Structure formats: structure tokens, C-alpha cells
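Alright, structures below, take your time with them.
Both of the next two complexes hold chain A, though its partner changes from chain B to chain C.
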Partner chain A sequence: MTKNRSTWLLLTPGIILFLILLVAPITNILDESLRLFVPGRIGAAKDAPYTLFNYTELIDKAYFFYLYETFRFGITVSLISLVIGFPIAYSIARQKSTLFRKLAIGFLIGMMFLNTLVRVYAMQLTFGPTGYAKFISGIFDISPNGRGYTELIVMLGLLHYTIPISVLTLIGTIQNINPRLTEAAQILGSSRLKSHLNITVPLCVPGILSAFLICLTLCLSAFVVPMVLGKGKVLFISNLIYARFSEIANYPSGSAVAIIMLVVSLSVIFIISSFVSSRWSTK
Partner chain B sequence: MKNKLSRRKFGKVAGGITAAAAITSPMTLMKNAFAAENLSVVDWGPPWIDNTKELAAAWGKADITWTLHSGGAASILPKIKAAWPNPPYDVVDNWSPVFESMIKEGWAETVTLDDCPNMKYLPEGLIPKDSDGNWKAIPRGSSGVFFTYVPANCPIEIKHIDDLLSPKLKGQILWPNPTLNTNLQVVALAKARGGDEFNMQPGWDFLKELAASGNIGRISANTSDVITSLETGETSITFVDEGTLGGVKGAKLSHLTKTHESLKTFMFTSGWCVLSSSNNKKLAFDFANHTLTKESMESYYSATGEIPLSSQAEHSSNHLRFSSEESNKYAVVPDWDHLGAELDNWNKIFEKEIVTLL
Partner chain C sequence: MKRSIDNFGTFFSVINILLAFIFLIFPIIVAIIMSFDGRSYLGLFPPPEYSLRWYERFFSDAYYLQGLKTSLIIAIIATVVSTTIGVSAAIGLDRYQGIGKQALESLFLSPLVVPAVVIGFALLMFFAALGIFDGFTRLLGGHLIITFPYTVRTTLAGLVGIRKSLTEAAMNLGATEGQAFWDVTFPLARTGIVAGSVFAFAFSMDDVAVSLFLTSPQTYTLPVAMISMMRTNFDLTIAAAAVILMTFTLCLIIILDWVIGLDKIIGKGVYRS
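On to the complex of A and B.
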């Protein structure tokens, strides 16, 4: 009983915080999403009737397109982050020099302290018309004002965030794997590539999954990157939500989009986690 | 005796009361003093904020806390609503369509000639009013939203609205999103094809052609986008208000206000709205009144290009000076109330039918 009481005492502040800062706002959003919006007003009136219109109007192929675009960018960028981040994380984790490891980790953490807007606008300057837009678009034979180039820059903007995070997430996982396992495989005749693919990578699956999900979450909720680098052509769901709340003051519609995005995101994360866990669970 | 008042007890109580008074009184005084000498003003980015700061420095009666509009002018409304009845703003710089929303919400304080004597120099017909005819805002400038382009960077000369569809203009157009200019850009397209703000389908059809043509290089979301895109040569043609163009210093612009009747100019007023929640109304009106002096209005015009509404001030914006005949041909005063009511619907049409074509 004493142990249970102690446990509850320790959990209670967190639960209260969770209820106030997460559950209550989401409940408000859910309520707002079911209210009728009168155009020209600011949000729904307090006594606005309940309606499902804010959800039914989203059943349109255009909004499926935005969902698809958001997830396409998210999944693509997350996968690229893993492919680039894993070797970096491995080389840092396996460094013999403690100083080098600390400097590398410090550098990665330091990158995340840089102001978001400064970083995004720096990218806009670098890859925009005053920067290397013509040169880079020339390599791919695309217009610097075309959609292809815009998508490329948005992806680079997202990778700018997700690569350091995926590296930091994977370093811990790789450090927990005994390097002797890979060495043993190589001693028994396996090539370096095969030994890493068959030993290191499968053992890192929980960390890879965590890194992927963290990167995916960051991409799905990205707002500044598509807003600044997307040139208004690449829009994420977050941008639609922003326009409804900040520019049009249609809170009910914005809330409906937010709830749908929340449900879809949680579902996708659950499916991915379940699939990976069932296939690679350690017995 | 029970409840005997001992010296120790008296000392404790007296000390407590004195301490409380010592802490509270200066704090209350400071708070009141701070409130009386500090004004919170919302304004647009450059060139407006720079000019307003100059005018505020010349006025000098209070410290000012500045807040910038982020995005379209209506973006301040959710912030006011979220904090109502105590939003942290006293005065908001805004324009015709947003005045309507603020008046409808009951956020705009009534202003009279006693509050702002310099309003006697303003045309009474252009002062935003509520349904009872009470003055609800203090307009400073009048201007237009129109097509403009940078001839040095544009592959062709723009003489007609249909030139926007020219295949030579790939990626050259900076198109405002619907939340900018209350979607007047599509109203302009509609008018060119026989429609108007009440019949927008011709405008949407035109915009779909434009989007599919590949001529739209960027969708602008705020004034910074416009200034940066035109200055860097990323795009060369846009539809924008005169004030924003005041921030474009590095590119020579050609304003298409009297070029062809297919290229319309939409006229609006902009100015101050003192919030009815403000604790500093007198100070706010005094500040607004100061910005209506001849010197202030001419300074405002010089910085933003908006035509001063005060009859005392002079201007030389001939591209926005219309004769009666020119006014009928080129200038439009839209139904702002209708625009505000339709903006939500238009934004959704833009999301569903236009962005997917870009």
C-alpha cells in the first residue's frame, strides 16, 4: 500500500500537468471542431450549434492530397535521415577518442540550439535567387521557381533538422551493442557489409524505429520550413491549420483539420511501431 | 485577559500591515504610472513601423511597446479574441476590411472630434463607422492595391491582364495568397472576365489557367515575401498595395494603375483603431491625433506611399490620382463587408482548386 501511495504521489504532478496542458486543450479543440462557424466572425460563437460540417467539408481529394504530401515528405525525409544518420552515429559511437565523441555530440546538440527562423532563412538565402538556386536547379535541369526545386529545398530544410536528431538518437543505441558480436561474425568469414547488415542493424532496430518516429513526428508537425521554403506551393497540414486560425479566424475548421491530423498521425505511428516490433521483437 | 494585545503581537501586526503597504503602494503606483505612460501599438513591418516609430519619438508622451502584424492584417484578430477582454494592445493599425470585423466584434472604441481634433481634416465619408453612425476608427491614408512589375526583370511589357498568361513569364509571377489583400487579386481577375466580388467564378477559372501555366513562381504570404521576392529578382510581377511597395528599394517598379481597364486598382483606407478594452484611451487618441498633423501625414506618405487623407497634407502619387473618367475606368471600391464574409470560402477554394495545380 505504501509503495502504491508513493507511486501515485510521484505520478500525480505529472498527471495534473498532462491533464491541464494536453488533455484540456485537445478537448477544447475537439469541442471547437464541432461548432458552426459564421464567416466574418472570429472563431465560433460561445453558443454556436454543434455540427459535423467542419469534418464533412474535408472529405475532398484536395485535402487527401495535403495529407499525402505531408506524409510523403515526412516519410521520405525520415528515411533519408536514417540512411545518412546511421553511418555518422556509428562512427561517433565507435570512436576510440572520448574527446572526439564529446565534441561531435556537443556539435550536434549545439546545432539544435540555433534559432529556427535564422536557420530557415539562412537556407532561403543560400538556395534562393541570391544564392545557388540557378546553379543547383541547373544541375537537375529544372526551373528554380518550379515545383521540383521547391520540393528539393523543403526536403533539405527538413533534413537540416532531422539528421542531427536521428544521429543523436542512434548513438545511444549503437553504444549499447557489443562490438564483439560484429567482430565475431567477421572472424567467422562474414564480410564487413554482411556482418553489419545481419548483426548491427537488426540489433539497432528499436533505436532505428525511435529515430524514424521522432523524425517523422518532427516532419509532420513542421510549419516554418514549408511556410518559408515552400513558396506557398508546398503546403503541409500545419500550414492549413495556421491559415485557418491566424488568417481567417475559422477556428472550427482549423480544429477539425488538427484533430484529423492527430488521429491519422497516431494511427500511422501505431501501425509502424506494431509492424516493426512484431517483425523484429527480441525474444 | 483573553486576546490581550501584547507588544510582540502588535509589532507583528503593524509590521505586516506596513510591509504590505510598502510593497503594494509603490507597485500600484508603478503599475498605474506604467499604464499611463506606456502604450501598446500593433503595426505592420517596414515601412510602416519605421515611420510610426519616428512619429512616436516626435510625439514623446509615452513609451511604446510595439507588436508587428504577422502575415495578413487579420492575423491580429485571433490574438485579440484569445485575450479579450484584456488584450495587451491599445491601438491597432489596420485597414478597411479588418475595420469591419473589429467593429462587428465590438472591439473598436468610438472616437469623436473631442478625442482627435485633427479628424476634422479627414473626409467624413471615409471614416469607418458602426451601424449607428459612430466613428470607430481613425483613417490616415488611402491607397490602392494593384498590379505592378519590374520591367528590368520581366521578359515582356505588361499591357493587359491576359499578358499574365504569356508563356514567356514562367515563374515570374508572385501571386498573393487569399489572406493577403482579402483576395482582391482574384476579384481583379474576375472583373477582367466579366465577373466581380459577387460572381467570382470567372476569376477562379482565370487563376486556374494561370496556375497551370507555370507562370506563378511563388505564393506570397506576407509583405516580407513581396519585398524579398521582387528585390532579389526571384519574380517580377505581383498584385500588391502601395504601402508594401514602399519597402522595395532595389527594384524599379512600373505601376499598372492606368494601363488598361482590365488591370484594376482597388482603393482602401488604413489607419488606427483604438481598442475598447484599452486602459489608455486618452493617450491612444492623443497619439493617433498626432499622426494626423500635416507634418506627420506627409512623413507617412513619404514612407509608405499611402495618400494622406488629411486635406492639409500634399502628395505626388499621380499613379493613384484618378480623374472622374479614370476613376470609372481603372479604380474600384469593393464591398469590404462581402469580402470579409467570403474570405473563408475563397481560402478553401484556393486550397482545393489552385494550390494543387502549382
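On to the complex of A and C.
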């Protein structure tokens, strides 16, 4: 009995913090998103009538485009970082030298921890007009001032974050696979490439999916990268919310966008993770 | 034939590693070199001459210093408070055996999956509804909720490894529940707790998306100061600020390695059956 009470005592501060700083604010914007917009004040008037206008307004081609853009970048970037990350994770996981492993993991953790703003500014200096913009755009044969180049920079900015994370996630998965299985396939005459494609990769599918999920959620909620590197040409949903706040001060509409963004990202997480657990739960 | 495909594969994999390494490290090197640029304007890379002018500029600019100070104060308070609450919640969760344990755990970790911009916007509206317009309170609230899940998660991970039999043994030998906790559980969970607070500090210093909504003209964090300068200004004081923030990151990595060892975060070495 006393044990039960002290357990609740330990849990209470966390629950209170969580209710005040997350549940209440989100409930508040849910309510706000259903109110009629009154210009010139933070938040709708207390007695503003309920309306679905803030949502119906968003059923428009222009807004779907933001959602489409966010997903297009998110999925492309996540796939690229998995393709690049998997071989790197494999060679680190199977590395025999402890020193090399430690250095590689330390480097990746450092890259993951790197301040977002530092990362974005470094990308800006390197790939911006004072850096290698001419050189890089020359390789792809696009104009350094055009939309194509801006899209490329936004992708590179996101990749700089997702590559270290996907490698770190995949190292753990690959470590748990018995290397004997691949060796056996090779002894029986399979090529190295084929044995990896037929054995290592299929065994890693749950890990690959969860790395994909992590990368995708990070990209979907990316804010600073499109804001700074996108230069207004590439905008994600998160930037739309900020614009509702900083430019036109339409809070009910901003709330509606925020609720939609929340629902979309939670559904993505739910769909992918329930897919993983339904197929690979009996391990 | 098989051999040549394999050799090509190995070659390709080495090239892939090299390119990825260059891609990750090169922008950082560019930013560090540019922060020592001797020119008085933002010019082409690499700089023809070097000086410390941007660092002098940074340390004499009240705008940046104010931001750095606020950032540090907020990060320290947020880390201490959310570590305390997070550790307490994690221990509670670990002991809790009733229904809904899983739900409670995912509830505590849920701020991790809510996009930061949504948290920032929701808190802005919420504080406005409550009539709180003080920048410091708002920022602290925002930083508490984004750092809290990290402390819960790492402490929980540390506690799971501790066998219940150790605490029970201590209590069989006459220790009270409190003594068993402070003498057995706490020292064993310490690495998880320290790792959690390092994460909390790092994410507090890193945050832009939440802080941008919650700053007031007088109270703003260093990243917010930097992003507003980035849009209006084209000088390299930001590069100096970036290098200063990088040294913070480096210190955190060193602390993390010293406390738990970096390879333990990922799991130890080669496959063991």
C-alpha cells in the first residue's frame, strides 16, 4: 500500500509537467483551430463562434502542395540516407579494430549532436554563393540561383543530419546478426554482394524500417533547414505554421495547420511501427 | 565474373564511405576556417588572410552575449529540473506494476514525436491564454517539455539493466527501502541519469523551433539571435558564434565518452552468440 503511494508520488511531477506543458497547450490549439478568426489579437475571442472554416480553407491545392513537398523531400532524403548509410554501418559493425570503431562512432555521435544552426550555417557557407555553389551547380548542370539548386541544398542539409542517425541506428541492427550466416552462403558459392543482398539485408529489414521511420519523422518536422537553406523557395508544413504566426498573425488558421501536422506525423509513426511489429514481433 | 562484381562492390563501398565522410566533415571545416577570415566582409572561400576579428566582434556584441547568457541559464535550469522530474518519473515507472504501464511510458516519451514547431506554437497560444508574456518563463516551459523525455528515456534504460534481486537482497539484509534505493539502485543508475542530463543540455542549447515562438524582445536564446542575424546580416560573427557552439558540443561528447563510453551507447563490438 505504502509502496503504491510512493510510486505515484514519484510519477506525479512528471504527469503534471506533461499535462501542463503538452496536453493543455495542444487541447487549447485544438479548440482554437475550430474558432472563427478575428484579426488583430493573439488567440480567438473567448466567445468566438465555432467553425470548420480553418480546416475547409486548407482543402486547397496550394496547401496540399506544402504537404506534398514535405513528404517528397522526407521520403527521398530518408531513402538516400539508408542507401548511403547501410554499407557504412556494416563496415563499422564488422570492424575488428576497437580504436577505429570508437573513432567512427564518436565522429557520428558528434555529427548527430552538432547544433542544428551550426550545421545549417556551415552548409550555407559551403554550398552558398561564397562557397562552392558554382562548382556544385556546374556538376549537375543547373543554375546556382534556380529552384533546382535550392532543392538540392535543402536535401543536402537534411542528409547531413539523417546520414549519421541512420548509420548509428543500423549499426545496432547489423551487430545482432550472426556473421556466420553470410559466411555460410559464401562458402556455398554465393558472391559477397549476392550473399549480402540475400541474407544480411533481409535480416536487417526491421532495423532498416525503423531507421527509415526515424529519418522520415525528422524530415517531416524539419524547420530550420527549409527556413534557412530553402530561402523561401522550398517550404515545409512547419514553415507554414511559423508564417501564420510571424507574417499574417492568423492564429486559428495556424492552429489548424499545427493540428493537421500533428495528426499526419503521428499517423506516419503509427502506420510504420505497427507494420514493423505486426510482421516481426515473433522474434 | 563473380570476383569482379565483388571487387567493384568493395571499391564502391570504400568510395561511398570516403564521400560520406567528406560530405559530413567538409562544411564544418569551411565554417571554422571562415570564422578566422581576415576580410571585413563575407567573401569567397577560402579567405586570403586570417584574423580573430569575428571573435572580437562576437565578444563585444551585447546582442550575442545576451543570447549566450540566456541560452546557458535556460539550459542549466531546464537540465536540472527535467533531470530531477525525469529521474523520479522513470523510477516510478520502473516500480509501477499496475495497468497502463506501457501507455504511461509512451505518454512520457510522446514529446519526442510531436513536431517541435507544433509544441512551440501550442505553447505560445497557451501562455497567451494564461496571460504569461514573460520571455524567460515561456522559454523555460518550452525547454522543459522538450528535454524531459530524454531524461526519462535514458534513466529508464539504465534502470532496466539493474536486477530487482539486488534491491531485494539489500532489504533482506535490513536496509530500508530508502537506503536500498540510495545505496544500490541510484549508483547503478547513475550513468543513465548523467547521459540523460547531457542529452537534455545538448537539446536545450540546440533548439530553435520551439524557442523562436517563445522569445520576447528582451529574452532570446543564442540560436534565435543567430537565426535572426542570418536573415538580415551578412557578416561572419555568426561563424564565430557557430565555432563557439561547436566547442560546447565537443565538450558534451567528451563528457559522454568519459561517463559511459561512446561504444556502449551503440552496444559492444562484434556479434557474440
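Following the convention adopted for this analysis, the second predicted complex is superposed on the first by the 242 of 283 C-alpha atoms of A that agree within 3 Å, B and C clash if a C-alpha of one lies under 4 Å from a C-alpha of the other, contacts with A are read in each partner's own complex, and residues count from 1 in each chain.
Quick note on the criterion: contacts are C-beta pairs under 8 Å (C-beta built on N, C-alpha and C of every residue); 3 or more make two chains touch, one makes a residue touch a chain.
Since this is a predicted model, take the numbers as computed values, not measurements.
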Review point. Are chain B and chain C a fit on chain A, or do they clash, once the structures share the same frame?
Key: clash
Check your understanding: Of the two partner chains, chain B (first) and chain C (second), which one does A:S143 touch, if any: first, second, both, or neither?
Key -> first
Exercise for review: Answer with first, second, both or neither: which of chain B and chain C does A:I84 touch in the superposed model?
Suggested key: second
Review point. Between chain B (first) and chain C (second), which does A:A122 come into contact with in this model arrangement: first, second, both, or neither?
Key: second
Check your understanding: Who does A:L193 touch here: chain B (first), chain C (second), both, or neither?
Key -> second
Point to revise | Touching partner for A:Y251 - first (chain B), second (chain C), both, neither | key: both
Exercise for review: With the two complexes superposed on chain A, say which partner A:F223 touches: chain B (first), chain C (second), both, or neither.
Suggested key: second
Review point. Residues of chain A touched: more by chain B or chain C?
Key: C
Practice item. Identify the partner contact of A:F37: answer first if only chain B is touched, second if only chain C is, both if each is, neither if none is. Key: first
Review point. So, A:A184: does it touch chain B (first), chain C (second), both, or neither?
Key: neither
Check your understanding: Looking at the overlay, what does A:M111 touch: chain B (first), chain C (second), both, or neither?
Key -> second
Check your understanding: Looking at the overlay, which bit of chain B runs into chain C, 80-88, 134-142, 152-160 or 278-286?
Key -> 80-88
Exercise for review: Once the two structures are superposed, pull the chain A residues common to the chain B and chain C interfaces.
Suggested key: 42-43, 130, 227, 245, 251
Study note, to complete from the structure: Residue set of chain B touching chain A in the complex reads 70-72, 74-75, 77-78, 80-81, 100-101, 104-105, 170-172, 175, 177, 179, 214, 216-221, 232-235, 337, 340-345, 347-348, 351-353, 355-356, 358
Exercise for review: Quick one: which bits of chain A touch chain C in the complex? Just the residue numbers, please.
Suggested key: 3, 6-11, 13-15, 17-18, 21-22, 24-26, 28-29, 32, 42-43, 84, 87-88, 91, 93-94, 96, 98, 101-102, 105-107, 109-111, 113-119, 121-127, 130-132, 156, 159-160, 163-164, 168, 171-172, 175-179, 191-193, 217, 220-221, 223-224, 227-228, 238, 241-242, 245, 251, 254-255, 258, 261-262, 265-266, 269
Study note, to complete from the structure: chain A residues touching chain B in their complex are 37, 39-43, 57, 60, 62-63, 65-66, 128-130, 143-147, 227, 231-233, 235, 240, 243-251, 253
Practice item. Could you pull out which chain C residues touch chain A in their complex? Key: 2-3, 5-6, 9-10, 13, 16-17, 20, 23-24, 26-28, 30-31, 34, 42-45, 82, 84-86, 88-89, 91-93, 95-96, 104, 107-108, 110-111, 113-119, 121-126, 128-129, 141-142, 144-145, 148, 152, 177, 202, 205-206, 208-209, 212-213, 223, 226-227, 230, 238-239, 242, 245-246, 248-250, 252-253, 256-257, 262-263, 265-267, 269-271, 273
